[in-house]
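As written, the chains take the letters A, B, C, D, E and F, and residue 1 is the first residue of each chain.
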């Protein structure tokens, strides 16, 4: 069953808003990691969802996976979008689900690629992304351009060489050793980043650990937490998706 | 049956390449219009395809339609991609099918949005697009930016106010009257375009008529013909999709 | 006395963070308007400050006013920055106080120019700014470019013709009539904006009223509320200003 | 005699179009290499031309050579432009002959710098150029910017260290060894190119050989063949140079 | 005889530098107007040159004219470049003579298109160009982009509708009436320019007159005077053209 | 006493213009170095000024120092701006004094960051900056972008590792050794610069020495001399700061 309902449910009071955190791949273990890592905003209930296999791939590695996983999510979710006041698309890419949901509902939809880059631009001047496999370097470079965020990511994208599934399957010390090394050598060292955005939902929960081994003054941002915070802010401000332009109802 | 096989079949000889022209919406009448309007390259067989309803929408009006229609096409086509030496995605947008097919096959895939803009840049300095409904102005502006083609479209995108389905359903003189008026007033007049790209596959076959009423020296490009010509050129040159970057096999 | 302490003080509990909202001009009435309009985040105490005349100008109309007001604020605040966990610079410009504070403290500092544009980019594709006097059009265009946000403000900046002090001194219906007219005619009408950011701290509290008279689907953002929300998010996430680049301690 | 008439002449039938391939330098051996390497489109006759020395330089190494060679070509060709339906300027630069011819005739004119970059953008996401001497790196970087193609060449330009005349005069294995090494080390290796455009008309005919030694999935494009294919496509589509803007008749 | 030697000759002392002002078209009356309008720098002798007809056109209206006139000038001047310490190319375009001369000599070469835009960027934030015929709008837009000066000309290029030769041949009051009207209506009015650059060498001497009828605070720049001032500054500073990049000796 | 009056005073005649060279930091030794290094234009008197400590910092290392030093200068100078016909802000940054003075007076104000980059664009195609401490790399990168000069500085900014005060306090041979090494290795070598701009007012007078050890053909520009030359040119041309846009009187 792809839905995980009700973290923060015990805190439910009147007027509590409900956000849906969408992991668009079919690896439920990722969804559960995300759920464990998130402390829900005090005034929000977080629900979690991922599509089930074989309708969606276990990880998303490009355009084909994005289309198939978006279609699977949209089929599951389309008829019940009014249950939530906001949506977070928890794939570190310009996943087509984001724009599709913005057309289908006026509740705000945030992307875990855009949200951390936007917050980062308040904190530093050379933001870099630490991503998974080399494949993601051209893909993210393209996506960041599409979102008009190239200037918000001037230290660029570097690959850790780990696949998305490695993050879940390899021993934790091996994963951390690799992430720390690339963060320090490539982003802090060669590219002079002053802010690092973790470039995969599967890296949730390792931000402080990486920050601790960098030079004092480095900032490391968890993208899923950023996506939830930005979504919650927009919901709290009573703002909707604009319907007079690109996201008009279809 | 969504496939229309074999225009130019009668010309088949040895070594003739086969291209698939994909209309990703479910309106077969559009596919047929495209087929009628195209003169196949002498050394190519053109096949035609569209997904069937209700798996895909009758027209594509944004991200949701794009995702659903791409998923439908990919489901139909994925197992038989090796039948063709090249593919033309005949939707005037950065349709996600284009990048998805580039991952799944090394046969070239062209887009009827990118191909005419690329040809136009050889012919003039102020290229503009005449599209359908106002909705497509922000959508195409976004897509053109994503494809790094904003500078190749410096006269921008103007809407004719006609929907995609109007092109098929309204009386032809009404359609032509509107298209001609917007081309002359907005693109030739206010925006100083020297090349006009017709911004919808459904406008196939009206290029010369619009050109004839503009000032002498204006150039009007049919996007579907451009997409086929560019695809055929690439096939003829023996070139494939690059697999070491963004379009690596998934 | 330039400080206004303790909105939300009554809610103070353990671990409540304290933010300072800085109005860098000397018009205390503006500071009070801002205080009245803001509902403090549940876990934050908001303090308010403005410099006193004649050390700072009554309104900020360019580079000279920015420098003088920034120097006045820095003189008052420099020795006591550790009282707050975050700062909001409530002048709708790239006020030099923002970068100066980022050098002097590692607590996050947000700008009410950047924050609403960043939130807006999650909500629409054509964001425009409604500002005060014509003078601010070139000034804001420059500032938005400096902040790498030109692409996040593609509908540009329009002037209402009202000065900052007019907002406080003219009859409310006259002010609202003008703001509504320019929002509808210039931003909704001529520039096809789908999101409007109010371009002056002195417009606090009029967002919903303007949104109500625009076409359904328009989004209007109050910049001060946006600045506070983004600052509070960053504080809550435990993030600091990066110290390895542009904002290194002096 | 600078003209080489009639490749593909034997195939001449009714309605066959005639293209002129212009090598603007005075090295006839280059013109002959180009002629040997090109398979004419089935429906086109290719004629070949180069200016004679001392009116034009033996190779083109900058702005002075470009001006002098363009003037020589224009003097020879101006009165007889109506003999051809299309022109290919076979110098890998933004050679001023291209824009000059576009003013003088409405038959299409393609550039062997622009055409392969335009085709490459359909095939990959990181396109790089392998050029001759180091001098050409800043020259081509400038020219690509002038043509609005910087984003279509994101892997940049690398020099092989070979001069244009080295390509003709050095032993073939030495030339190939150098080209292969730079392609693999600099473009495939350090710059992550997924498409390589050969950056000199004098490299005609070596594309497949270089591709064969790169990692599987690399694409190598011959610029002269690309220039002819794009020109032929435009001629076949019945398109002309736009005369209402930059290329108006003088 | 195309040379006009020796304005400021009477002031010649020891160490006086000699600059050559090149009008690349064959209209000697223009050269004479330029000579009359220029007050030579106290430490410079200005010589004047234009090519003679029929080697060069009477006015320059595009790429063909540019190539032909550049070749004529280069033929006349190439062997005697060491007579001058600096060169001013007095055609308001990115005339190819500029780059060609930079290759042939290390004495500095300035362009009357680039120099006034560079000075203007010290004086205002919205610089616009008032040019001659409509043809020059796309040509100058292209040239300004090629020179990386688009951001230095954010108010763009407007045509006065007058041809280059009209400036010389029409009654002066008619010329001035037109120039003033377009400056006020289009550049001051619609485009909010705060600096106007006169966009033709043939407009030499009318700057103050146009400025006088604009709103107080407008700045109008004569491009030929700007070209001479910038060239003289560079000569005085003892700077040369850099020879390690684009302008290396051929 | 912060003012140093009257270099070139002895040459005063009728109509001699007076420029004020402003060193915005409190290190009078820097002001004196600048005075010694400058040869006043023949028709200008140069006055020199720096604010006194503790109103301004001894060197400027970021936004805070910029604001404080600008405020100090403005307090001293505001009432007597009409004494000078032009101003040079001799801090190698986008110092806020520049824009502030442009608002307060219509006499031209030049920046020693912008002026040398503008001159450099006439001399080469790859301009780089040699600055002091690493801190200045992100600061100058930001400032150059704000001034729309990123494309005029395509070889970027490199740090010599020397602080501003090191330039004054370390042995001259040690300073020169370091500057020469970084210029040759980083700018000439790795970044292919063809023009080097010295990135600190404190480097005044070392330009020719650095140029002499680079490869023949390199150009090195002293920013203070450039700032004075450009200011003097503008004064001589009778041009003012435009008052209809960003620099309108406050």
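By definition in this document, contacts are C-beta pairs under 8 Å (C-beta built on N, C-alpha and C of every residue); 3 or more make two chains touch, one makes a residue touch a chain.
As the structure is a computational prediction, the values presented were derived from the model and not from experiment.
Q: If you take the chains that touch chain D and keep only those that also touch chain E, what is left?
A: Expected: B, F.
Q: Give the fewest steps needed to get from chain C to chain F, where each step moves from one chain to a chain it touches.
A: When the steps are counted carefully, the minimum from chain C to chain F is 1.
Q: Over half of the residue-numbered contact pairs in common: that is the test. Which of C-F, A-C or A-F passes it against D-E?
A: C-F
Q: Let me check something: if the centre of a chain is the mean of its CA atoms, which chain is farthest from chain E?
A: Between chain E and the rest, the longest centre separation is with A.
Q: For the chain pairs E-F and B-C, which is connected through the larger number of C-beta pairs in contact?
A: E-F
Q: Which chain's centre, taken as the mean of its Cα atoms, is farthest from the centre of chain D?
A: Relative to chain D, the chain with the farthest C-alpha centre is C.
Q: What is the distance, in whole Å, between the centres of chain C and chain E, each centre taken as the mean of its C-alpha atoms?
A: Inter-chain centre distance comes to 45 Å.
Q: How many angstrom lie between the CA centroids of chain C and chain D, rounded to a whole number?
A: 54
Q: Among all residues of chain B, which ones touch two or more of the remaining chains?
A: 125-126, 138, 142, 148, 192, 194, 245-248
Q: Once you draw an edge for every pair of touching chains, what topology comes out, line, ring, star, complete or other?
A: other
Q: Sort out which chains touch which and give me every pair.
A: Here the touching chain pairs work out to A-B, A-C, A-D, A-F, B-C, B-D, B-E, C-E, C-F, D-E, D-F, E-F.
Q: Using the touch definition from the top, list the residues of chain B that touch chain D in their complex.
A: For this pair, the touching residues of chain B are 42-43, 106, 108-111, 114-115, 118-119, 121-126, 147-148, 151-152, 188, 192-195, 208, 215-219, 221-222, 225-226, 229-230, 232-234, 236-248.
Q: Under the definition above, what is the set of chain F residues touching chain A in their complex?
A: My answer: residues 137-138, 141-142.
Q: For chain A, which residues count as touching chain B in their complex?
A: 61-68, 70-71, 74, 96-97, 99-100, 102-104, 135, 138-139, 142, 145-146, 148, 245-248, 250
Q: Can you check the complex and tell me which residues of chain C touch chain B?
A: Interface residues on the chain C side: 125-126, 192, 194.
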